[in-house]
Amino acid sequence: MSAETLVVILLFALPFLSAAVIGIWFRLQGNIAAAISVASCGVVALLGLWLVFFGERSVAPAPVEWLTFGTYTVNMGYYFNDLAALLLFIVVVVGLLVHIFSLEYMRKDEGKARYFAGLSLFMFSMIGIVFADNLIMIFIFWELVGLSSFLLINHYFHKPSAVAASKKAFIVNRVGDFGFLIGIIWAYWHFGTVELSVLADMVGQDSDILVTGIGLLLFCSALGKSGQIPLHVWLPDAMEGPTPVSALIHAATMVAAGIYLLCRIYFLIPPEALVVVLWVGVITALFGSLCAITQKDIKKILAYSTISQLGYMVAAFGLGALAVKNGVPVMQAGVAAAMFHLFTHAFFKALLFLGSGSIIHACHHEQNIYRMGGLRTKMPVTFVTFTIAYLALIGLPFITAGFFSKEAILYLAFANNKLAFLVLLFSALLTAFYMTRLWLTVFFGAPKSEAAEESKENGLLITVPLGILAFFSIIAGWEFLHPQAFSGILDGIPHPSGWTYLLMVALGSGAMAIGVAAAYVYFGVGSRQDRLEREHPGVYAFLSAKFFFDQVYNWYVKTIQERLALLLHFIDQIFISGLIIRGSAGVLGLCSTGLRNLQTGNLQHYLYWIFFGVVVFWILGRTVFS
Amino acid sequence: MTVGLNEFLAISGLLFAIGFTGVLLRRNTLVIYMCLEIMLSAAILALVGFSRFNNTMDGNIFVFFIITVAAAEVAVGLAIIVALFRHRQTIQVEDLNTLKN
Amino acid sequence: MELVEYFPILVQILLAFVLAVVILTVSQIFGQKIRRSLTKDSAYECGIPSEGKSHTRFSVKFYVTAMLFILFDIEVVFLYPWALAFRDFLAAGIPILLPVLFFIGVIVLGLFYEMKKGALEWEK
Amino acid sequence: MDDLQYFKDAAASNEWSLIWPEISVGLLALSLLVVEMLVPKMKNRLVPMIAMIGLSVITVTLVLSWVGMGVSYGESFAGLLFQSGFGESMRLFFLLGGLFICFLGYVTLQGRAIPRVEFFHIVLVVTAALMLLAQSNHFVMIFITLETVTIGFYILVSYFRNQPISLEAGLKYLILGGLSTGLLLFGIALLYGAAGNPQLAGATAEGLNLQALRAFLLNHGDHTLAVAGMLLVLFGIAFKVAVFPFQIWVPDVYQGAPTAVTAFLGVCSKAAGFALMIILVTRTFNVETMTSITVPLLSLMAIFSLLYGNLTALTQQNTKRLMGLSGISHAGFLLAGVVAAVHVDWAVWAVVFYLFSYMFSSFAVFGVMAFVEGKNPGEGEELIDYTGLYQRSPFLGTVLGIGLGSLAGIPPLVGFIGKALVFIALFQAGLYVLLLVGALSVAISIFYYFGWMRTAFFGDGPDTEKDYPAIEVPLPKRVPLAIIAGITVFLGFIQVPLAAVLGL
């Protein structure tokens, strides 16, 4: 067995073992649990980095027969290429930092052990997704990731909102995953295999065997995990979980897994499907940034910003193959752009979340930005790092990582689809707008609450991870620093040249500048309340309604008289509130109660029932079917 | 004229219908149970008839088994009904609806 | 077979019917008329009116015995075809004795069991 | 005379060695009665032990015999039985089932003023009958074994003869079961009559033998009597497996019966029905003229069962009824698998695999129920009674979680693999509607399974003021539950051993 294989096995084993050990023996000893979890994560990080930079790329070197049905055997092996290396790098680095951060953040939490067990379980599942070499394995770890995210969102389970949010997340994801599952079965039926490498060869030889349906069904997975419209509803609510979790799972890694999956199976997505992918991404990007404008909860703002950035990545992927060379779609550009943005975004968004976590921690779990203010002086480290992340997100030219990755996407859009380009550009402007609002309100002006008043900088356990992430948020974009390890992916990043380059920079930074300026002028520094809300309540209400996805949902939960809502918001209503939140009151609930009344307990009625059953099916059998 | 297979089948069909109707209409568990036995007898009659007109013995042998099984069923059934009657003082179906919904 | 062969049965049915009708009508005609009234038709013409159910419930032991009887009675069914075929089979060297002995053995075991359970003791 | 010759051959084809497991299980059952007669003092402890040990010995020997001499194949007992890999795997299934039911009965019956021995006796007899049923190849065999099972269940369901609800459940099962028996029997009679009709070409004297029947149906699959009989037989079996519209008895009977019996009924009785479905639908009635009827008919039943079971379970608060109703939806899955097996051969194994996965997962759940419930009727059966189970007994909580998760089909538990296999089979068979309904009903089922899980783990039940006592489970009683849960997880990751048994 080669060293790589051994390392991979270790990467799988360590987090799983730590989760198991904690779950079995240390359910109550939080500190021991934390120690175990962080230690295992540290080792995982070391091994992972070794694998990323020195491990050779290989396709399923030691497959193990793992499940057999019909005439087909699924092997359990791993498929490690530069793409996987890239995500592995993100997972281990951010994962380790979040583990360390959590040591401080969750210090006084009574559910500490549960929390760290959850983190370890998540690391296990995420690493599984990174390495999985066939769709079925991916699917299984996919579900495991969902499960661990479910558990972690549910961490404060005494809060009904957290419980509801966790359920919402789980169910919405399953909605996407059923599409995924059907897609996998179809793919197996169509191609006769689910091994990624084999599939790649098949498609490479003959790209006509692609089926649009399969592509779209597989895309459903990303739809759910990466919070694309209309399955985005769970992501903002998922902020009920502890902030480090939001940073790790709901900003850096898990939600990015959807994009990763798309890039991993790009050869299965035919151009027709890509059009859908593109526009879903574009709309999501715009939608997210619009919703973020009116949020007051710092984490909600970041959540919507995450949705919109994920939209960017999906759109980038969708754009990639619009250029078709001699019949075969050229995906490299799209994949590269998407993964590049995923790479940079992972760092600065995680940093934003951890920064907000540090703020929330210091302000005694105050999350409303209009009750913070003036934290620049009180929490200098957090301020600096947060600012770097903020600049990266809005894409400060030539320095921050975000600038380069966003430019790549915008250029791709410019080259392939002007309309998409305009929308994306506009949402970039909005991004600058709402982030500046957040930044000015939180850090400047005077403290606007007791909590903010007595807040002070946190200890090293929190500030060091912030620093490291800040470092990456800058240099992750500098291509001359990109290691050989990722060349397979990042070399494909599209580069504008000549006047296009200038145009791109001008437009990009122009949009950014406009956004910042507008926010500065409009909201002012350290404002006490939302001017938009005050002066244009109509607009504010419209935007803060998040296009009524959640509104109608809550409204329905309160009252079930309104049947119209069912038709309008099928997923939101029937699958989430109708079925889950208010199972006994929702439509299906009503059916259920109705059906239950068949069980009168009277033997005679049962006899009648069976009699009519016999008669009906007899008639069917004798007339209709025969 | 001779009594042919059709007569056998007609009667057995009639028995079956009578049994089924009784099961559906009667309110007394014991009577319902009797009606079930009638349905069994209908099947038995059909088997005997077929066995005779198809010149094969299987049907007749099968009948032995059916009778035995029916007897065992009756024994158990009566036991249950009696035990229930001793608890509830009634075996009318409409009174036996503790288990519902 | 011919339907004619069922003729005697038909005759018997008719006879029974006719006889019943005849007797009733004759008694109606020749019997002495009595004035009928509710009191006259009631069970007792004098004394207290009768109360309580006409039939009394009897011991559950009857059920137990009856069920056991049914079971053992029915098992015998299998012995008839056995007895019929016994000789020929034995002649043809087909194993027939031991299986039935096993069958009976099981039944006997059941008998012992219910004795042990005291299902057959009437007084307890 | 040729008659004698016929009987000679018949007697010659009696290979008693082939059915040694059934024989030994039967003898084990008898020996229990003997034991009670001989040592009445220590019967309460001794008898369950003998039953469990005996069963496990037989199980092990059976598996070893496969390894040793392989699986025998072909007719025996003058065509009464038909040995095949399918029959063997179902044998194993029922042996394991009986074994665990003995354990559950031991738990359930403890501290009750109710005779013990008969319970284990009947369970063993029923197990033997089930094992024969799975290999039967002749309507007489099918009828006898099926009735032995059913009558045994009449007694078991009303086993708590001092509890009116148990008796009521028994009565309901008795009447409705009797009805289904009537249907089944009349159907058999019609098939027999049609097959033996001298006027028809290719009429067979062996109308009750399935092969002979099939040979006849190949020519006369559209014969009126035959089709009528086929329908009635299917209805009769549909009652046993409790698929729509013959599912109506399930909740009441499940609730009234002792928990151990509920488990037996929900797993083994269902499995027996599906063994018959496979034998009949995919091996006997699988002629074009009949599949054109059976496939749409059974698909319809499956679809309705899936929807009915899951929808009704949504608002169900009593756990026993809940298991019953969700069981209906699982029956829908299995029936869908059977329908697929008409077109795709390996789907039979998908169904068997699903049966195994269903057995392990629901035994895990029933096992927990047996510990949570109280001694009085209906005590500790509501969902509320599971509030904070994980805190009260981490062990039971974990087992329950595993069981429910597997029933809900959450990967990587075995239930997921079972569902996946059925889905694949459906897809290959091109039954897309069933596939869709299946996926939808899985989505629905998540809800109530997770509701139950949340009550057990996060404990925010309707009334948390009422404090619930911790539940102590002694170590020896933990072992079987732990094994079952372990298998549920293990098979979720590695199916090779079971697949090897099933020849998947």
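In order of appearance the chains are A, B, C and D, and numbering begins at 1 in each one.
Criterion: a residue touches a chain if its C-beta (ideal position, glycine included) is under 8 Å from a C-beta of that chain, and two chains touch if they have at least 3 such contacts.
Only a predicted model underlies this, so the values are computations on that prediction, with no experimental measurement involved.
Undergrad: Have a look at A-B versus A-D and report the one with more C-beta pairs in contact.
TA: A-D
Undergrad: Would you kindly tell me how far, in whole Å, the mean C-alpha position of subunit D lies from that of subunit A?
TA: Computed value for the inter-centroid distance: 43 Å.
Undergrad: Taking the mean of the CA coordinates per chain, how far is subunit A from subunit B in Å?
TA: A distance of 64 Å separates the two centres.
Undergrad: What is the distance in Å between the mean C-alpha positions of subunit C and subunit D?
TA: 39
Undergrad: Calculate how many whole Å lie between the centre of subunit A and the centre of subunit C, each centre taken as the average of the chain's C-alpha atoms.
TA: Going by mean C-alpha positions, subunit A sits 79 Å from subunit C.
Undergrad: Would you pick out the residues of subunit D that each touch at least 2 other chains?
TA: Subunit D, residues with two or more chain partners: 171-172, 175, 179, 251-252.
Undergrad: Can you list the subunit C residues in contact with two or more other chains?
TA: none
Undergrad: When you check subunit B against every other chain, which residues touch at least two of them?
TA: Counting only residues that touch two or more other chains, subunit B contributes 20, 23, 29, 32, 61, 72, 96, 98-100.
Undergrad: When you check every pair of chains, which ones turn out to touch?
TA: Contact pairs between chains: A-B, A-D, B-C, B-D, C-D.
Undergrad: Over in the complex, which subunit A residues touch subunit B? Could you list them?
TA: Counting only subunit A, the residues touching subunit B are 596-597, 599-604, 607-608, 611.
Undergrad: Going by the contact rule at the top, pick out the subunit D residues touching subunit A in the complex.
TA: 171-172, 175-176, 179-180, 183, 222, 227-228, 231, 235, 239, 244-246, 248-249, 251-252, 292-293, 296-297, 300-301, 308, 311-316, 346, 350, 394, 410-412, 416-417, 420-421, 423-424, 427-428, 435, 439, 442-444, 446-448, 450-451, 454, 458, 460, 493-496, 499, 504
Undergrad: Touching residues of subunit C toward subunit D in the complex: what are they?
TA: Interface residues on subunit C, with respect to subunit D: 85, 88-89, 92-95, 106, 109, 112-113, 116.
Undergrad: Across the complex, what residues on subunit B touch subunit A?
TA: Its residues touching subunit A are 20, 23-24, 27, 29, 32, 93-94, 96-101.
Undergrad: What does subunit C use to touch subunit B in their complex?
TA: Per the stated touch rule, the residues are 1-3, 60, 63, 66-68, 70-71, 73-75, 77-78, 81.
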